[in-house]
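So that you can tell them apart, the chains are marked A, B, C, D and E in the order they are listed, and the count of residues begins at 1 in each.
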Amino acid sequence: MEIIAFGEHLFYKQSQPNAEEIKTLLEGDHKFWLNVTETKDSALLQELSEVFDIHSMALNDIKEKRQRPKIEEYNHFILIVVQMLYSKNHGLDIESEQVSIILGKNYVITFQETPFDIFDQIRVRLENPHGRMRKLGTDYFAYALIDAIVDEYYLLLENITDRIEILEDSIISQDRKVRLSEIYHQRKYIQQIKKVIWPTRELLSIWRKLENPLIKKRTSPFINDVYEQTVEIIENLEMQRESITTLVEIFMTDISLKQNEVMKTLTIIATIFIPLTFLAGVYGMNFEFMPELSWKYGYWLTWLVFIGISAIMVFYFKRKKWF
Amino acid sequence: MEIIAFGEHLFYKQSQPNAEEIKTLLEGDHKFWLNVTETKDSALLQELSEVFDIHSMALNDIKEKRQRPKIEEYNHFILIVVQMLYSKNHGLDIESEQVSIILGKNYVITFQETPFDIFDQIRVRLENPHGRMRKLGTDYFAYALIDAIVDEYYLLLENITDRIEILEDSIISQDRKVRLSEIYHQRKYIQQIKKVIWPTRELLSIWRKLENPLIKKRTSPFINDVYEQTVEIIENLEMQRESITTLVEIFMTDISLKQNEVMKTLTIIATIFIPLTFLAGVYGMNFEFMPELSWKYGYWLTWLVFIGISAIMVFYFKRKKWF
Amino acid sequence: MEIIAFGEHLFYKQSQPNAEEIKTLLEGDHKFWLNVTETKDSALLQELSEVFDIHSMALNDIKEKRQRPKIEEYNHFILIVVQMLYSKNHGLDIESEQVSIILGKNYVITFQETPFDIFDQIRVRLENPHGRMRKLGTDYFAYALIDAIVDEYYLLLENITDRIEILEDSIISQDRKVRLSEIYHQRKYIQQIKKVIWPTRELLSIWRKLENPLIKKRTSPFINDVYEQTVEIIENLEMQRESITTLVEIFMTDISLKQNEVMKTLTIIATIFIPLTFLAGVYGMNFEFMPELSWKYGYWLTWLVFIGISAIMVFYFKRKKWF
Amino acid sequence: MEIIAFGEHLFYKQSQPNAEEIKTLLEGDHKFWLNVTETKDSALLQELSEVFDIHSMALNDIKEKRQRPKIEEYNHFILIVVQMLYSKNHGLDIESEQVSIILGKNYVITFQETPFDIFDQIRVRLENPHGRMRKLGTDYFAYALIDAIVDEYYLLLENITDRIEILEDSIISQDRKVRLSEIYHQRKYIQQIKKVIWPTRELLSIWRKLENPLIKKRTSPFINDVYEQTVEIIENLEMQRESITTLVEIFMTDISLKQNEVMKTLTIIATIFIPLTFLAGVYGMNFEFMPELSWKYGYWLTWLVFIGISAIMVFYFKRKKWF
Amino acid sequence: MEIIAFGEHLFYKQSQPNAEEIKTLLEGDHKFWLNVTETKDSALLQELSEVFDIHSMALNDIKEKRQRPKIEEYNHFILIVVQMLYSKNHGLDIESEQVSIILGKNYVITFQETPFDIFDQIRVRLENPHGRMRKLGTDYFAYALIDAIVDEYYLLLENITDRIEILEDSIISQDRKVRLSEIYHQRKYIQQIKKVIWPTRELLSIWRKLENPLIKKRTSPFINDVYEQTVEIIENLEMQRESITTLVEIFMTDISLKQNEVMKTLTIIATIFIPLTFLAGVYGMNFEFMPELSWKYGYWLTWLVFIGISAIMVFYFKRKKWF
């Protein structure tokens, strides 16, 4: 737990503040940011909920993990629940972490399980005395948090786009072996991001239309901007999903084409040589009375027949455009 | 049939109440819950419909089974019809049971065919004198019933998610034999739950907007919460449905790939040995005049030809990347 | 043509009434139902259109067959066109018959081509002096007609559901031979019913919102009920359609799996015996100088080679998990 | 260019009217129809645009071909652009021709490239002094033109429905050879008609709601009627499109089934005879020491083995239900 | 950077104007167009943003590349961001270039990276003293720019349509070899254009409804026209996308049909000759006691059997309609 009080001319940071200190700030004029990382500590959450008068439904939302992103108006604050997404194991897994934001008159409280880098960036930006964050209200601060989280989605999107391009190259060039499971995983990632970004987009859309004294008009172009970013991400995910569908289709068609080629090879060889082998077998029979066997040119005639049959077959396959 | 009268300081339970007792309660100040399990007893239903002045259309809805979940306003009560879903035979079948709820000014009547565990939970919660259920109105009680029913859907969803993950592992690892019927059944279950949850979501959406003196403002955040749970379940079902589609596709592609491999093996072996067998057959012919047969190195030359043809074939297949 | 005048204390039936009789009834106080089966008799229709002052557009709609179900308000009546669906040839064909209903202040006129059983039921219900039909207005009567028609759709739906379940069993158990045309026909039936029920649902949705003195408030719960029945039928048809899609997919996958098995059998047998046959062919050649032929254990050595090659092949296939 | 002035008691026709004559009519009381077929004659169009005060944007729409059907209100007239569709080369091609209609207070101007039959019908109907066309206003006349055009779409729809039914019979009966290109062309036609009919439906939907002094209330049931015709055509096209999809699916499944059968035949014959041929080959070898060869019943024993192996194979295939 | 001041009687062009000159124009009465190509020159953009008082969010949108097309109202100007699309490498790649347009009271500023031909056309049209561009306001000028950009999309659409038609011919005629990657690329291009044109359509839809003093009523028919063009392009893209889907399907079916034919050929030849070869092998065996070998007509009888078996097989295949 860390508290940062800030204003146009103020920047004050403190770790592990006690309830009294928070109350003093709450009743003061300064804006402050309370970042809570101990979301499993029920006693602490209970204490905070009393200090800030947090409704029990809101507290439940903060405690429960993997909630659908949403925005909810309460009497004297707005609760925003979003999901932080980041890739783990070199892009092989997507992990999500819930971030709950309470936006009050002169405070923003964030609840998170583990400290992220992006919150460090926010801290750095807060230290800059000329930044917008110091001048504008708490709603701008909440926007900045969500903006940072949505920016992370772009990284995941890029990751997926890159991998699909590699898959595309592999399939079209027919060079490398394509692992089907790879395609399946990319599809799953797209699904996972979509599951989070759709309600986030919805949340921002609601925010845009919110008539609440906590939301100033000044921040609306910023919210519009993040909103459009979510729309763009969704459109891109949709495009990638379609690309995958097309790739699978091409992959399937390609397998069929190759199978066709394999079968043609077998058929050409087999249909030429099987009749010939039969004929050779005939003259390998040991009947006592087989007049051809004693013909002088029997053997050469047989070869003529062999060549003749082959030629007819080749001509037939040529006309069928099999090779 | 069981009746429970309750209030902030009251908890009173009675089995098989008669019409007189119910009427006394109805005209009294206390809230009460009447749970009817004898929904096939037409006479009883008729009697109740007279006591509570239930419209004939509402009575029909209660009697008929497997109705589409819905909410309907009547003069002095609200009728809610929902479907309880639970899995039977170790998750191999999904059964549904209709629960009709009549929400009146100071009473809630529930109609069900068989006693469920979840109703026991409600009973336990009612016994707690400090619970919300005792303090808040009948609309909160109706909410609690629906919330309990929707919670059961989560169990089914988890069951399906688990089974699909097993299917996924089987297909991607190619280890175990995948039963197509299993995929088919999971799809059916998703369909069955969707068929119930879509109208339930609709019902809750209507409830949210209902302007009815029986619905107090206080309960609206709770209704919002169940509503969002239904939305989440629907999204998850949709995701699972997509997963299945992808899995079937991968399964099909995998079959094609294996078929391809089988065909290649056959083609390679057959195209190499069929011509050779033909040649061996030729020199197995019994013509009297076959000059090669008496050549000194005829046999060894033939082997050279055998090896040469094989080598050319292998080289050809290598270039085609068949192995 | 048959006319039935009815009221709370009246039930009067007459076949082939003439224009004068109809006019007298029309100007009287009693409600009456005029059922016209001679829809091809233009002269009669013309006469009726003059008696009831039917707009020429409405008359056209009545005359033309296979119209899209619709509801249209005219000055002094409402025209409802619906389609009666029933199965013929033991469920192998779906036939449709148009029923046009004109709902006036104190009369309902129905136009149909052939007499149906369901109209007999209506007649029977009318004879009951305590039935709702006798007490409520002409709008309730029109509702009852449509309700009877929609009930028939349920029969068709059940028929389809049964047949699809049989198909399902056949495909999953792989026992019986599945006829593709059967799947195709079930799909066609679903399409046919949907084509009729969608506009019927629309029609009822319009009726619900109609502000017309001919429609009393009292009948609105009844209309709501039929409307919901149509929604339910549509949902069920959609589910059946999805089931068919899944079944076809499973059927296709099953064919592929079987093909795979067939190919493996062929490949295993062929790749084992083709090389062996070649070898046998080699020692069947008649070259004069083939040293192996005179070896004492040549024959047994060859058998050793035969067995060795087979063993290697079998081992290879085992490792590939082909059997 | 042809002008027809008409009224309840008037019918007057003139070819190639000059500007003066048109102006006189324009300022007169009579309704008139000006049919322009010289849409490539820019000078003429310019002249007309001055006489009727046509906005340059409207003139552009008239000149340009293959426009999206639309309706646009201008100061003193309404511009309607529709597409006439007709089949050419015995239903093998669908051609479209643009018809622009300008609906003014007492005039209707139509612009078309080539004279159609349907415009002759209109002319004939105009000659009938008792027809509605003579009595009602110019908006009814515009309706009649569009109605005639939409009626032509029905012909195309029937054409497609017929051909798809033939395809259906061919595929299900497996009698005739199905040409894939035929399926492809039917799909294209459906697309082409849909591309024209969707905006036409939209146009009529706008017309229905148009509040413009040029549109009288009296014509609204007629417009409703054409509108519903377009809806019906769209629904039918959709059904046909679905039928084609199902047919292609059945066709594909059928190919797979046949392939399966072919492969089974091959596999059965090959797996039975290949091992036998090997065995025959073994005893065709010329080793000097092959004890079996001199057994008295060696030959008959071999036949026993042949028959034994075949019987085992046949039994195996029977159990696998391959035939 | 180039500035063109224009009015009904004015046309004045200047390269690289300085801030003072721009300010003078800005405060003057004349309309002017400032075309900025140095969008990477931050200092210049900063200077311009001060001269024209451009909001920092708008400046960001101008600087960032590949933005989603959009329209945004600011205090004293409207920002429009669109994407110019053109094909490169003979239609093998689609490149996009962002064009940002600032529409002010008496000025239009365009920001682009590279000079396009279409802007030269605009310049030429501006030089024409009788053109609409000189007479109408800056909103008409902005419309003309977007119209020119949308016109370019048509070229791309035509390009795609042509290529798909070639693909279609190749697939249906089965003449040329179809490259799957070609199909894939056409799909990608369609996706790319759709990604740009959907938001452009949205943008124009917003523009149509915009109530802003900068937008005069006079230009609304023009905006309507571009809007409809975008709708038409979208519809055409959708049609092309569907065509591709159908083509791929036909392609797949065609492969299956060919495979079927190949397999039939193999099966016919193999099933006829494999049993015969076996029989020939039997009589090639060297058993000492094979009575048939010494029959006088043994050889000819064997040929009879050969021909008999073949005839039966051919008859069987004929009946199965395999050839």
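Some notes on this structure:
The rule is short, and it goes like this: a contact is a pair of C-beta atoms (placed from the backbone, for glycine too) under 8 Å apart; a residue touches a chain by one contact, two chains touch by 3 or more.
Bear in mind that the values here come from a model prediction, so they are computed numbers and not experimental data.
Steps from subunit A to subunit D, minimised over paths through touching chains, total 2.
The pairing of subunit B with subunit C is characterised as different-residue: of all residue numbers used at this interface, under half are used by both copies. The mean-CA centres of subunit B and subunit E are about 41 angstrom from one another, to the nearest whole unit.
Distance between subunit A and subunit B, defined via averaged C-alpha coordinates, is recorded as 25 Å. Each of the following residues of subunit D touches two or more other chains: 252, 256, 259, 263, 266, 270, 274, 277, 281, 284-286, 290. Of all the residues in subunit C, the ones that touch subunit D in their complex are 55, 57, 68, 70, 72, 180-181, 183-184, 187-188, 191, 195, 198, 248, 251-252, 255-256, 258-259, 261-263, 265-266, 269-270, 273-274, 276-277, 280-281, 283-286, 290, 292-299, 302, 306. Subunit C contributes residues 172, 221-222, 224-225, 228, 231-232, 235, 239, 242-243, 246-247, 249-250, 252-254, 256-257, 259-260, 263-264, 266-267, 270-271, 274-275, 277-278, 281-282, 284-290, 320, 322 to its touches with subunit B in the complex.
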